[in-house]
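Scrolling down, you'll hit the structures one after another.
Each of the next two complexes has chain A plus one other chain: chain B in the first, chain C in the second.
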Partner chain A sequence: MPTQSYRDIEIPSDYHRAKEVEDAIIDSAQSHGYHEDDLFALRLSLEEALTNAIRHGNAGDREKKVILRYYINENQADIYVADEGPGFDPTAVPDPTITENLSQPNGRGILLMRAYMNLVEYNDTGNVVHMVKLNSKP
Partner chain B sequence: MADAGGNIQNIIKDITREGDVVIVKLTGEIDMHSSTELRGCLLEITQERPRLLVINMEEVLFLDSSGLAVFVETMQQSRTQGRQLKLVGLHPRVRSIFEISRLMDIFQIYDTQEEALA
Partner chain C sequence: MTETPNKLVISREGQITIVELLDEEILEEATINEIADELFPLVSSKPNIQLLLSFIRVKHLSSSALGTLIRLNKRIEENKGTLKLCHLKKPLYEIFVITKLNRLFEIYDDQATALSSFEKKA
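Take a look at the complex of A and B:
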């Protein structure tokens, strides 16, 4: 992860703490004048990334941390979410939009992140997701 | 933008029963906090085996994949029982999540509660 002018936050695997961080990032984006659609996209993608980190990456283990590194300016929000899990292969996740998978309850988080963010990429291990959202501005 | 919320008290606005039809009116945000409790509530209702379960989402402004999972699971439960599940009044941003996920193909979605009940 790059270090320059990023803000670092470390939280336990806890949904309430995750929500606090999420709200802080959304508030920051709002103060930089992001469009409502961009705020929705950021909220959704943060929700998915943090849920994945807590539930799947850290397997709900509160002893394990979730680390966020981000910066937001008037042009873009650049966010890394890392967990302490073993990682996964995002290319191996079944496509939830093919007909035989439509009735599966789970597995749509990455699809939504990719649909709503301008960039979503994982490190080689698969335990760090990097997301970028450009401010579309009115 | 956030409408606060994030707990079951805010999510379930109202539950009405009209014969063998149950109408659940939701409000607020369906996220990592509220989806677990929402799941429990809807599965409890499907155990009543209503002929028709209508979920009114006119006041739902946010939904994530955990919320989608709750609706897919509820739909499966209803189908297994030979019952119907209808969703009503999706906000445009919520609708786009259903569209991206191709879930418009498998859910019965109506603009108004009256249409769903007709």
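Take a look at the complex of A and C:
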């Protein structure tokens, strides 16, 4: 992860704490004048990334941390979400939009993040996701 | 007849049960579980339920919320009932389009159109 001008936040695997971080990032984006649609995208993608980190990455283990590293300026929000899990292969996640998978209750988080963010990429291990959202009205 | 649990407003229109979701944000695990805890008993206790779920107040949905809707739909189908959705704001409808869940769920713009679609089928 790059270090320059990023803010670091470490939280336990706790949905309530995750929500506080989400709110702080959304507030920051709002104060930088991000469009309503961008805020919607950020809220959804942060929720998906943090839920994945807590539920799947850290398997709900409160002893394991979720680490966020981010910056927001008037042009873009650049966010890393890391967990302490073993990682996964994002290319191995089944396509939830094909007919036989439509009734599966899980597996749509990454699809939504990719749809709403300008960039979504994982490290080789699959336990760090990097997301970028451009401000559509800088 | 109207009941008022914490997360839902339940009313009836003939044979149709209308459930209005009260939360603006249905994102977090805790919120989703609380809604599920109120919705599933309603559905399980009534075979052949005709359920209309209104999203008129909802502004945010997560993939976990979609998962709960899919499970709810399965439970209703097992009980020979019908689930329809209405009043999804444009950004929320877009989530259904991206995930192609607009092919799994019957979605109507407003409550009146949804209600009349139940009548047509009956």
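We take it that the second predicted complex is superposed on the first by the 137 of 138 C-alpha atoms of A that agree within 3 Å, B and C clash if a C-alpha of one lies under 4 Å from a C-alpha of the other, contacts with A are read in each partner's own complex, and residues count from 1 in each chain.
One rule holds in what follows: a contact is a pair of C-beta atoms (placed from the backbone, for glycine too) under 8 Å apart; a residue touches a chain by one contact, two chains touch by 3 or more.
All values reported here derive from a predicted model rather than from experimental measurement.
Visitor: Contacts for A:A24 in the overlay, against chain B (first) and chain C (second): which applies, first, second, both or neither?
Guide: Neither partner.
Visitor: With both complexes superposed on chain A, which partner does A:A115 reach: first (chain B), second (chain C), both or neither?
Guide: both
Visitor: Between chain B (first) and chain C (second), which does A:L39 come into contact with in this model arrangement: first, second, both, or neither?
Guide: After superposition on chain A, A:L39 lies in contact with chain B alone.
Visitor: So in the superposed three-chain picture, is A:I67 touching just chain B, just chain C, both, or none of them (first/second/both/neither)?
Guide: In the superposed model, A:I67 contacts neither chain B nor chain C.
Visitor: Between chain B (first) and chain C (second), which does A:T51 come into contact with in this model arrangement: first, second, both, or neither?
Guide: Both: A:T51 reaches chain B and chain C.
Visitor: What residues on chain A does chain C touch that chain B touches too?
Guide: In the superposed arrangement, which is not itself an observed complex, chain A uses residues 15-16, 19, 37, 40, 43-44, 47-48, 51, 96-97, 102-109, 111-112, 115 for both chain B and chain C.
Visitor: Where on chain A does chain C make contact in their complex?
Guide: Listed in rising order, the residues are 15-16, 19, 37, 40, 43-44, 47-48, 51, 55, 96-97, 99, 102-109, 111-112, 115.
Visitor: For chain A, which residues are in contact with chain B within the complex?
Guide: 15-16, 18-19, 23, 26, 30, 36-37, 39-40, 43-44, 47-48, 50-51, 96-97, 102-109, 111-112, 115
Visitor: Touching chain A in the complex: which residues of chain B?
Guide: Residues 1-2, 6, 31-33, 62, 64-66, 68-70, 72-73, 75-76, 93, 97, 100-103, 105-106.
Visitor: If we count contacts the way the header does, which residues on chain C are in touch with chain A in the complex?
Guide: Result: residues 27-30, 60-64, 66-68, 70-71, 73-74, 91, 95, 98-101, 103-104 of chain C touch chain A.
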